[in-house]
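Going by the order they are written in, the chains are A, B, C, D, E and F; count residues from 1 in each one.
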């Protein structure tokens, strides 16, 4: 089976990571996966959430938003309804948990890092692209802190990356774009560390329920994709001093 | 290892399902799983969401809320903040998808069924209890429609049920209560049909990432629990006419 | 005249009070008046509202809400509109004033008691049922405080109870159910103490204005009903230690 | 006993009613009761609320607001909190019910009259002043409709007026001003028609519960005050053509 | 060209300034410009905004609102939408900047003055009338502070006033009323000090863009109007002690 | 005087306009003025606002937002407060008026064009950059419509552009960057057409009021800058087919 884009079924879209995209953020990258472009800007704040006080810990959190015309049809701004959509909050919580899964929060005690993930262009897989870019900008922010003498070492020794897989006409497709995503029978998002452990797995039957065997195959292919994304992240930051 | 409640590690809490708990709802049950009590009321409305018009389809959706003192510490009402929390919306979407996964929406064309899941008492596992009770009240609502002559047959031939599993001190525990949930290393919610297919799987590393082998074991134990829940649901509705 | 339910015109609906209904609340009861069921949970908090600071006083307040399908037709959740309805706030203020009318707030200095009144099923008279159940749960909460040594004595020496009366086809009916309430010419809610003094009286002409003589008769019959409710409350708590 | 203002205990504050205060409203008056000044503007709209359609009826409703510096201490605008306070909604509902109690809604079928009550200066009794002024502006609006040929006759044959009474140091005081209101043991608002029937009675024990005898005395004195207010209303509109 | 009101093209509407209109405000005036009436009440608060702390400064801010029936057609209250309109915020910012432009904020260190501008009746030019009346009430408030010994001198040595001009059928009209404003080709609001310097200029082409020459003529005529307004302000406060 | 950036006082920052930046928008450009980068995406919708119906007209409107880390310090998302800030609404109205000033709305009857201006990076002058980029994306959108045969000709024969000027240490500076803007004595935004007529002029005294002579000089220099911007816009679209 050939995909509409010509990609092989287990093939990622081309990845491009532009580090330092924004001038002001302590850590910044524009993460591109095909036509999905997410700007990930990490901000360091010397304060922590109220409920964390007195625990000698820091905090990492993420926010997510789509520009109105990042999508094929224009999407109304959330501010026009006065409240963030459920989907937005779900994704923000997912990115936040993924990042907190690979950092030791006591190593940044007294600091909060907020990673803003703003989708400039959306062609499916924006939440996984946001996770992938967020790791890079978090790393860059920690490196900035190290250069400033705020921390001695970068307190992460793992990477985290994410990819989606889905079943379409009996094939398991890696890294769904928008058209594939809207037609898939089921959709599984996998978030893994560079040591190949799960931070998060979210599988949803969109049109038909799936069995354990399918789940196993999906996870295998997702793992292959995540390995490649982790390589791309590594390359993006390897020359950063 | 003995659990603090005395339960075996692969043992569910006692389930009680009181059908017809509310006088007015077309389908109603109070679903109890140990000290977690969720009132699930299905309402039939002869109208459909605007965006579904002209598609000859019906709709099933769910709402979820916790009474302020269902919890050990009182939780503030969401109305006092003016917006539903992200967690609430995430759970509502999960219940809704689970129910829509086992019903053919064209068989209830022109109708919407809203299942209100209100947590009367919460001791962990409220979202899975809500799914389990929702299936019962959806069934009762469809049976009411059949009795009224609105539909000829009950348009579901599968059940759906859900359970959580978690890892605690290297043990995989089935059906976490509140204390266990707050201490677990990871937490996996599994939603399955009576034909043992996945509608949804959501695994989250709370304290440490988990590997594929652990995931497989978790799914095995979850499946055992779901089979027992499905039996309890079946018994609850078997004498309904 | 016989009422549609078969009750005499000056007869209350059967009352059932289940103390300790909720596991976690410091004071809890499910108050049933016929088909109207209200869960009243009192929460003790060791903090007081900001504006009360420095006055050596405590505070008692109440919140009120109806489950969406407590009513014959489903009622939308207030959270879906983003603000509590005027009716909700009016009832919350009424319950709060009724409870504060029989407690000496300086005897619970430094503490706030919040009574959550959640209507599980509604067949008219939910606000008066909420007051009646709230007194019981407030008493239970104060008893809990006494048992914990927080207070020496229960700082209330009166009870408070409420009932509605209305005029329908020239008859004065005690304790209106939903059908009677929606058809009555006028509707009077009376809140009285066990010493037969008014805490609150609210009379509203729904269809036709009423004269002083009618008001006097209504109050007489309301008083009879309130005496019986006060007996029921007393019985409910008499064996509590 | 002399009141701090020098008034007798059963004496109203001086009333002044300026008809036609606003240039644009179909019915307008500035109602002054001592230092309490309420601008009551009635607007005629040729449309009715959605839920009233098909019933061949009109509608009358009221809105109430206080200017921020109508009070001794500045009160924050409700818009700064994003929602109307419970008190505001309670008063709006009270004014609306009072006006609807003396008009036959089918005589203005197809029309809605909105009476805006904006408190310019507040020295206690704003809700009763709003009712009193609203009747005048409603009458003026109906007269405007008659002059325009929209209706043949003014469809009200009763007036409605309101006053507050309270108990202070064993005396029953008529028409409480702000200082008296804040110190009274109880506070009763009475809304009556010119035929001396109740539209609404709201009695609240602020500091101590009150007995039936006190209630009777309060109602007597309130009735005396309402008769005088009704005279003042009558005089205000008697020369209107 | 004669204007529909009979005014000459460079002629202001009659101005009336009633000082001390409200009983409670530290500074109060009702400012009338023809049929446009704005109540301007200045409130002194002994606290400053959080972000100003530690700067040894005071603050002056303004709020603006229109009564619902100040307009020819009734305008809905902003509270019914839950948020202030963009226009409201724009005007509030304009009034605030105008007042802050003529006061030395360090002379009222520790104090905030809030000027509430409530439009009682609107016939065009409400924002400029609000600025003109606000200066008077600000002055009165400062005079009150001086009388109370809070400040030694009134810390303003300039006045500020505003007027609108517009082009209609090739004529430049001073002080547009509602009808003129809605038909003008362009609309320029000028805010000037008594020393004839600009605090603010806002010119907007409504129907056709305008050239530099027109702008110069508009500014000339606006200056003439502002001189007259400044005289009227001066007269209004000259006898205040 | 040399500016901190080395620019001459009457010199614009370098302009770069990348047409077609976004894949999906009917008209799109990234407008860069030095370190200020605004993404302007025009969306064509085949529907018009409700209040415009029946007038045989189209509509053009703009929305404006800043990414949280477009600024030196992170700015909180507006959604976190639930309402757009006053500044945002003011800017949106300014951009919208500027665009509507140069298009004949009856030439796009039945259509609405929404221009989303999202600030990717902010170094002062974001509102003027948004206007400049919006004109380009509006032109591209209209060109797209022409190519699709929706309109026969591009219905604008003028360009519109904007720039800010300010006074700093007696010098008039063209095109203020963030540092200059925050220190300027006054700040004037000028919006002009290619025929050198004003669409909008907004001058604000930040620290000290300014006289007519200064205003004239500012306008002269602004005009010089606008001519250069109009050239840059023209070049950007000249090869578009």
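Assume contacts are C-beta pairs under 8 Å (C-beta built on N, C-alpha and C of every residue); 3 or more make two chains touch, one makes a residue touch a chain.
As the structure is a prediction and not an experimental result, all values here were calculated from the model.
Novice: Check every other chain and keep only those touching both chain A and chain F; list them.
Specialist: Neighbours common to chain A and chain F are absent.
Novice: Which chain has its C-alpha centroid at the greatest distance from the C-alpha centroid of chain B?
Specialist: In terms of C-alpha centroids, the chain at the greatest distance from chain B is E.
Novice: Approximately how many whole Å separate the CA-defined centres of chain A and chain C?
Specialist: 51
Novice: Chain E to chain F: how many Å between their CA centres?
Specialist: From the centre of chain E to the centre of chain F is 29 Å.
Novice: Please tell me the distance, in whole Å, between the geometric centres of chain A and chain D computed from their C-alpha atoms.
Specialist: For chain A versus chain D, the centre distance works out to 60 Å.
Novice: Would you mind listing the residues of chain E that make contact with two or more other chains?
Specialist: 82-84
Novice: Make each chain a node and each touching pair an edge, then name the shape: line, ring, star, complete, other.
Specialist: Graph shape here is a ring: one loop, exactly two partners per chain.
Novice: Which residues of chain B touch chain C in their complex?
Specialist: It is residues 22-25, 28, 35, 39, 41, 43, 45, 63, 65, 67-72, 74, 77-79, 82-84, 114, 116, 118, 120-121 of chain B that touch chain C.
Novice: Chain C touches which residues of chain D in the complex?
Specialist: For chain D paired with chain C, touching residues are 82-86, 89-90, 92-93, 97, 101, 186, 188, 192-193, 195-205, 209-212, 215, 219.
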